[in-house]
Amino acid sequence: MFSNLEFFLIEALRSFRRGALMSLVAIATISVSLVIFGLFLLLVINLGNIVGTVSSRMDIAAYVEKDISLEEAGELQLKLGKLPGVEKVEFISKTEAWRNFKQEFGTKLELDDIMTSNPLPHTFSVKVRTPDLLPAVAKQVSNFQLIDEVRYSGKFIDQIRTLVDAVRLGGAALVVLISFATLLIVVNTIRLTVLARETDISIMKLVGATDTFIKWPFIIEGVILGVLGGLVSFIVLKFSYDAIILRVAAALPFLPLVADQRLLAVIHLVMIVGGTALGMLGAYISVSRVLKSEV
Amino acid sequence: MFSNLEFFLIEALRSFRRGALMSLVAIATISVSLVIFGLFLLLVINLGNIVGTVSSRMDIAAYVEKDISLEEAGELQLKLGKLPGVEKVEFISKTEAWRNFKQEFGTKLELDDIMTSNPLPHTFSVKVRTPDLLPAVAKQVSNFQLIDEVRYSGKFIDQIRTLVDAVRLGGAALVVLISFATLLIVVNTIRLTVLARETDISIMKLVGATDTFIKWPFIIEGVILGVLGGLVSFIVLKFSYDAIILRVAAALPFLPLVADQRLLAVIHLVMIVGGTALGMLGAYISVSRVLKSEV
Amino acid sequence: MIELVNVSKSFSNGVDVLFNISLNIGKEEFVFIVGPSGAGKTTMMKLLYREEMPSSGKVIVDRVNVAELDYKQVPYLRRNIGVVFQDYKLLPKRTVLENVAFALRVTGAPRSTIRRKVMQALELVGMLRRVNAFPDELSGGEKQRACIARAIVNNPPILLADEPTGNLDPTTSWDIIQLLDKINRRNTTVLVATHNKSIVDSMKRRVVALENGRIVRDQLLGGYGV
Amino acid sequence: MIELVNVSKSFSNGVDVLFNISLNIGKEEFVFIVGPSGAGKTTMMKLLYREEMPSSGKVIVDRVNVAELDYKQVPYLRRNIGVVFQDYKLLPKRTVLENVAFALRVTGAPRSTIRRKVMQALELVGMLRRVNAFPDELSGGEKQRACIARAIVNNPPILLADEPTGNLDPTTSWDIIQLLDKINRRNTTVLVATHNKSIVDSMKRRVVALENGRIVRDQLLGGYGV
């Protein structure tokens, strides 16, 4: 088997070269579908990321009515920060809250004239890691003696959570669907190139070639088509995505786009490896089919 | 030319039937890429719609400090509603606003004990048609004598507006890109089926067929492949989208998905017509190429 | 009808095939082209219906210099030249009937006459039995006869037959040659490239012998050998 | 070496081609198969290397019933049978050299012996001049000779030649037949289907005549006709 590897490789390269136009058309098709796949993947990942970030901004407000010292507040803040699932705790003193309130409504209402004392409580703003932790964390926060009341916008959070779940689920479904579509397109493209050589295959069988012997060069050729298609799509996607995040970062700095180089590297790898695997698979399936239908 | 139409049609159907496997593979590829195209289109349209709706929920708050009668309020509401760009005007009386406020902060603050009178103003909540109209409308609203102050969350709105623009632009770019990709895939797929019949074409030329005569059956066959691919993708897309909106409507009732039957019909039409046109184009390009390269 | 003037042909990959060929064939003639394998017989015929272009010299068919013909005119030239290709060139996905009919269809002939003429031609070559078979289902000789039927179905003024009896038994071969002879008598110029010595010898027609791309003999009432 | 016992063959579309053929060919024999076009010569040969399966009867090659052979074994059967196909069956995108080499490559022969044997075979058929040409660039006779070279390159114990001289001039034809004869003397069973009367007549070998799918004559030291 392996003594033939060199020969198979040469064979594959030759048929690739001699059927240049078909090969180019096939590579173009494969690249295009992989680029779409990659774009979709990045889109879904970014959507998930955006929704995730938005939802992580949801926080719990914990009110303390008793007048506490800054020391007590700091201590409590530390304790709250150590609760599992909590990302960040902010302290807004009642004075600060009152200032904010006055800033919101104040200019037109002579509040200080009406009210002699600040009616608002101290507030701890507790950020949790994921929105589904909100109820549990809220419960724990309310167990602290000093805390009088705990609030979070339950209904809104529920909606956001459902939305996040939906985007994640829909995204996953989309990725599965597009993966499948890409698979179909790549496999079909390669199948078309193999079908075009049915006659060759039947001649090879007639002069005593085993199925395995016929298969290998086709599979290697499929791999070559897949690798090249994958590489082209990788290059296109890398440069266009880099351009996109640059532009988006400039225009919409508040949008949290994924620019984690390691994640992107993984995606690019997936595309190249995927292209290769699909090329191989496509060739394998097609040539096996043709072989079976031949004498 | 047209006396031959029947013949060409028969020819096309025949070669379609006799190259059944290749035709099926081609149709599958075309359908798949059209389905992706359609999904993308629907995704982009829905994203645009969602962002649009979210942003249309942004409103202008116009405060009236003077105590006005219900009559006056109604009159003003009517006038505001007639401003260009305004979609809806809501009136929140100071009593109502105070009640809302107390509901938000009230349980823990004995507000009524502290404050003898309601410190809040009457509010008109003005919804505009598109977020970019906000500044202009706000200015006009502030021109009314009774209105003391006008507010809208400028920075947030600016962000939203940029986001909406970005989604629309990005969506349009994506749609263009995916259209192009679909075009490439469909055209290439058909090209592969034509390339597989180069020998046939050269024989036809040798027995005296004109280029036009050779072209037509291929073009008709391309149209058939395109139509069938378009139809399959239409059916797949229609049923899956219907299923999706049903589920989404149940799970995320607040998400404004596009279910406008006329718009959907247009999209489906685009897919079938697009498939057909691409099939024709693909066949035309490929067969012309092959013809030129032959003797 | 056919005139070659100082025609040479080299293929793009540097193979020289024909050297300075000059030949004049009248409308009523029946000419055998003989010569060893690879002498250039097929290439010479290809020049006439412009499957190949001459490297130099003039190829005149029916008073027209084929090499200078407008691309658009080539199909009409080819309709006037029936060709029995050495390798048949049948369309693989069409039946015998369809293959033969194709040569008439391209001319825009009405459907009714097509069927009649096709059946006539197939009868002449003894292929009525296999009209609905595909080329893959034919024996070598049957393919050859289908190809002959296609070449004559159109009653072209010129008929080129490249080794038309290579896969036929002597009896059928003889029938085919008689047929070509009959066609020739109906005012068709006929060129036959062949290795069939007995046929050439017994027909006693003009013989043009090629060797290594040169005409080495041009003899009225000739035989296969010298 | 080869034994057919009551073999019949009908194609799936209902065409009956062979009727109750029985035939026994020894290891050292050289047999001509003759008969009119469409008689069933090619079909009979196809049964031997299992391109077709018999509808009934036994086809025994080298003591093995070919029809019952395991699918995996078919390539090995075919390596033992060199075939000159009537329609050549050269791989279009490979040169003459590569086409001939292919028949050796499938056997896993080492590279060095491949080149030597291929050049030898091509020399025997007089094709050294065109080793790097593609089939499209060959004349009819050259294709045929390339196909012959491929069939013999492997020194198979059985050689089937289906109309191996249909596109060759008498001299080359004669050379090829002498070559087949020489191969036969080196202990190879040779079957030649042919329409070439003069060759069959002058070789004086066993002749099997087919007509309409039946053996009508089986004669040692026979001629083409009766």
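Chains: A, B, C and D, in written order; residue numbering restarts at 1 for each.
Following the convention adopted for this analysis, contacts are C-beta pairs under 8 Å (C-beta built on N, C-alpha and C of every residue); 3 or more make two chains touch, one makes a residue touch a chain.
Just so it is clear, the structure is predicted and the values come from calculations on it, not from any experiment.
Shared contacts of chain B and chain D, meaning chains that touch the two of them, come down to A, C.
Centroid distances built from C-alpha atoms place A farthest away from chain C. Distance between chain centres (mean CA atoms), chain B to chain C: 62 Å.
Measuring from the averaged C-alpha position of chain A to that of chain C gives a distance of 66 Å. Put simply, the C-alpha centre of chain A and that of chain B have 22 angstrom between them. Of all residues in chain D, none touches 2 or more other chains. In terms of inter-chain touching, the protein chains here make up one closed cycle, each touching precisely two others.
Remark: the chains found to touch one another pair up as A-B, A-D, B-C, C-D.
Interface of chain B with chain C (complex): residues 3-4, 7, 14-15, 18-19, 199-200, 203-211, 213, 295. Residues 21-22, 25-26, 28-29, 32-33, 35-36, 39, 63, 65, 105, 107-109, 111, 114-117, 119-121, 148-149, 159, 162-163, 166, 170, 174, 177-178, 181, 184-185, 188-189, 191-193, 195-196, 244, 248, 251-252, 254-255 of chain B are the ones touching chain A in the complex.
Interface residues of chain C facing chain B in the complex, by the touch rule stated above, are 49-52, 72, 74-76, 78-79, 83, 85, 89-94, 102-103, 105-108, 150. Across the complex, chain C is touched by residues 11, 13, 15, 34-38, 41-43, 86-87, 130, 133, 137, 139-145, 162-163, 166-173, 195, 197-198, 224 of chain D.
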